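Lettered A, B and C in written order, each chain numbered from 1.
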Amino acid sequence: MEHTALLQGIHVKNGKIKTRTLTKATITVRAVIIFLTIFTLIGPFLLKYSTIDWPTAIFYTFDNLKMMFLQPAFNQITFGTAITQIVITLALAFLATILGAFVSFFLAISTAKNLAPASLSNAIIAFNSVIRAVPTVLWVLIFAIVAGLGAVAAVLGMMLHTMAYLTKAYAESFEEIEEGAIEALRASGASWWHIIFHCVLPQSASYLVSWTFLRFETNYGVAIAMGAAAAAGGIGFELFMSSSFYYDLHEVGMITYCALIVAIVLEVIALQIKKRLMTQ
Amino acid sequence: MMSTITLDRPTEQVTSKEASIAAQTVLELRNIEKSYDMKTLIIKDIDLQLKQGEFVSIIGPSGAGKSTLLRCINRMIEPSSGDIIFDGTNITQLSKSALRKQRTKIGMVFQHYNLVSRLTVFENVLHGRFGYKSTLQGILGLYTEEEKMLALSILEKLGMKDHVYKRCDQLSGGQKQRVGIARALVQQPKLLLCDEPIASLDPNSSKVIMDHLKEISQSMGITVLVNLHQVDVALKYSDRIIGLNRGSKLFDDLPKRLSQMDIRNIYGAEVDELIFE
Amino acid sequence: MTTTNFLRMKKWKMTGIIILLLAITYGSSMITDFDVMKGIKSIPGTIAWIATNLIPDAAAMENLPKVLSRLWETIILSVIASTTAAVCAFFFAIFGSKTTQINRILAFSTRLIASVFRNIPVVAWALVLVISFGHNVVTGYFALFISTFGTLVRMFMETIDEASADGVEALNATGATYFQMVFKGVLPDTMPQMLSWLFYMIETNIRSATLIGLLTGTGIGYLFDLHYKRLDYGTLGLITLSIIVVVIAIEFTSNKVRRMIL
C-alpha cells in the first residue's frame, strides 16, 4: 500500500492527519490567549458598578463629545494663554527628558553587559524596575510633600520614569555595538573612558538621539497628565480647570485640539528622526 | 483512506496524448508593457508563448525587468498594457475574485522562499490550497485528508517528508526552497513561475532545486518559467532561453543557438565579469 | 575637505548642539520656575522622607482589605481594557500597515484615527467621560481603552510592517483571499510580538489606571488621593508597595511567557 508508506512517521488522530505537532511555544500562546479571553469575559462581572443609567450616560457622552469636538471655543482663557501653557508643558517635558537622559547615560554604561560587571548591571536593572513600577503621578505627589506642588516635584517625578526607560534603551543600544570594535580599543591600551567616548558614544549616537526624542514625545503627554492630576502647571492644569471647575466642554475641546496638534507634530518629528537615523 | 492522489492525473494525460499536447500553448503574452511613472518603460512590448511542459529560462542582468515580467504574468504587478492569455482565458480583464481562481493554476516560487517562518513545513505547503477554499475554511485550517495526502506525496517526492513537522525557521535555505516548491505544486498548477529560485543558495542546493524543477516540467507536464542570473545554469537545464535587457526581449530560442555575441548583447557591460568568473 | 577640517567641523557642531541644549534647559527652567538647586536638594530630603514616613504601620494594615479590593478592581480594569483594545487595534493595524493595506485611502484614514486617539491626552478623555458616567469603573474602562487602542495600533502596525511582507506575497500568489492571507500569513509570525506588546500595555495600564483613578475617583488612584489628603502616609506606603508588587509580578510573568513564545 502506497499510502501506508506515505503515512509513516505522520501523526494521525481520529483518522485525521495532523498538520503540526504541539510545541512549548504554541501551547504557551494558546494558554495565554485562552486565559486572557476567559478573564476578559468574566472580568466585567467582578466589578462593582454604582447604578448607571446607560441610555442617558451614552446620550450625554455623545452630547459632550459633540460640544467638545464640534463646537470648540475659548471662554475662560485666551488663545495666547493656551500657547503659553503649552510652552510650559513642553518645557517641563524637556527638563525631565534632558535631566533623565543625562543620568541615564551614566546608568546605561554601568548596565550594558559589554561594558559593566554583571552584578552592578543587575543591581541597576532591579532598582529601575522598582522605580518604573510606581506610577509617575505617585512619584510627583511624593516629591511634592517635600518640595511642594509645582515644577520641581513634576520634573523630578517625570525624570525618574524617563531615567528607568532610557537606561534600558541606551544600554540595549550599547549592547548592539560590535564586540570587536571595543575589543580592538581595549587591546590598544585605551582607558575605559576612552572607549566610551571614542567608540561607544559615536557608534550609538543616532540611537540615543532617537530614543531620547521618543521619550520627549512621551513626556509631553505625561506632563499634560501631571498638570491635571498633580497641579504641576501647564496646559494639563487648564484642561483640568475647564472641565472639573468650570464644566466648560467647549473650552476642553479647544485645549484638546491645541494639545493634539503639538502632539502630532512631535510624533511626526520622532518618526522622521527614527527613519533617518536608524536606516543609516 | 482515499484512493487516488489527484496530482497524478496530468502526468497520465501527457503520456497518452503526447504529440498533441506538446504543441498546446499554456501561456501567451501579447505586447506586455509596464511603467511605474508613465515615462520609463520597465518592460517593453514583450511577446511570448509557452507550451505545456516546457522549461524556459529568462536571463539578463540585474535590473533588466526579469522579476517585473514574471510578476506581470500572474498580475502580482499590474501590467500597464498588453494581454495575458493563460489557459485559454485573457486574465488581464479578470475581476479580483476571478483572478484569484486563475492564480490557483499558476504556482510561484520566490528567491527568499517567502514562507511563514513560525509555521510547520506541512502548514506552509497546505497554504497552496487556499485558492480552492472559502475564506473561513482557510482561516480555520480545514483541509481535507486528500489535500493532506497530496501535500505529503509532494513532500516525499522532494525529499522533505522527514521534516513535515519542523518549523520553517529551522530549515536550511535549500530545504526552505523545496517547501516553497511543494507549496506551489500543491496548487496543482499548469504553470510554475520561479523568481531567482537559486540566487540565495549554495551550488549543491542549487543543483538539487534545479533538478527538481526540471523533473517537474518533464514528468508532471507543468510549464516552468525561471528567472536566472547564471547563464551556465540556464544553458544546462532549459528547453528554451529568453534574453532580457532593459525590458526588451533580445533573444528567444534554443539554448544551443545562444552565441557569445548574444550574451554580450544581453548582458552589456556586465559580460566580462560573467565570462571570467 | 581635509580630515583635520572635517574633525574640527564635527567638534564645532558638537559644541553648538551642547550650547543649544543648555540654552533650552536654562530657558525651560526660567519659564517653569524650576530651580535646579532646589531640585537637587530635595532628592535626599525625599529619600529620607520615604524611608521614615512611607512605611506601612499597624494602622495602615487595617486598610489592607480595602487596598486589595481596589487593587483587584484596577487589575481587572487594566486587563480587560488592554485585551479589548488589542482586538480592535489588530484590525486597524491590518488596514493601516503597508504590507496588508487594502487601499491607500483606508490605510491613511485608519492611521489618522489611531493617531488622534493616541495623541489626545488620556486625561482629556477621562475628564469628559467622568461628566457623563460619574465616578464609576466604566469611566476608567473607556479612558484606558481609548489610549491603549491608539498606542497598540501603532505598535501592531510596526510589528506587521517589520515581519511579514514575504509571506503575504506568496499567499497572494497562491490565490488566497485577503483574510486567509491575514490570518495564515501575517498572524502566525506576528502573534508572539503582538502578545508581548499586549503584556506591556497591561503593565502600563495598571500605572495609567492609578492616574485616571485619581482624576475620576475610581480604583486605587482614588484611594491614594483620599489618604494623601488625610496625610495618612502609612496607608500611602501600603498602596505604593502593593502597586509595586503587582506591576513587578506582571512584568516577571510577561518576561517568562515572552521567552517561551518568541
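Rule of thumb we're sticking to: a contact is a pair of C-beta atoms (placed from the backbone, for glycine too) under 8 Å apart; a residue touches a chain by one contact, two chains touch by 3 or more.
Everything numeric here is computed off the predicted structure, so don't read it as measured data.
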Category of the chain touch graph - line, ring, star, complete, other: complete
Selected pair, greater C-beta contact count between A-B and A-C: A-C
Whole-Å gap between the CA centroids of chain A and chain B: 46
Computed distance of Cα centres, chain C from chain A, in Å: 5
Per-residue overlap in chain C, given as positions that touch at least 2 other chains: 191-192
Numbers and ranges of chain B residues touching at least 2 other chains: 119, 123, 141
Contacts with two or more other chains, residues of chain A listed in rising order: none
Contacting residues of chain B [partner chain A, same complex]: 1-2, 119-120, 122-123, 126, 141, 143, 145, 148-149, 152-153, 156, 161-162, 164-165, 167
In the complex with chain B, residue positions of chain A that touch it: 3, 6-7, 9-11, 15-17, 19-21, 23
In the complex, chain C residues that touch chain A: 21, 24-25, 27-29, 31-35, 38-39, 42-43, 45-46, 49-50, 54, 72-73, 76-77, 79-80, 83-84, 115-116, 118-124, 127-129, 131-138, 191-192, 195, 198, 206-208, 210-211, 214-215, 221, 224, 228, 240, 243-244, 247-248, 251, 257, 260-262
Touch list for chain B against partner chain C, complex: 74, 76, 100-104, 106-108, 110, 112-119, 123, 127-128, 130-131, 133, 135, 138-139, 141, 180, 183-184, 187
Sites on chain C touched by chain B in the complex: 164, 166-167, 169-180, 183-185, 188-189, 191-192
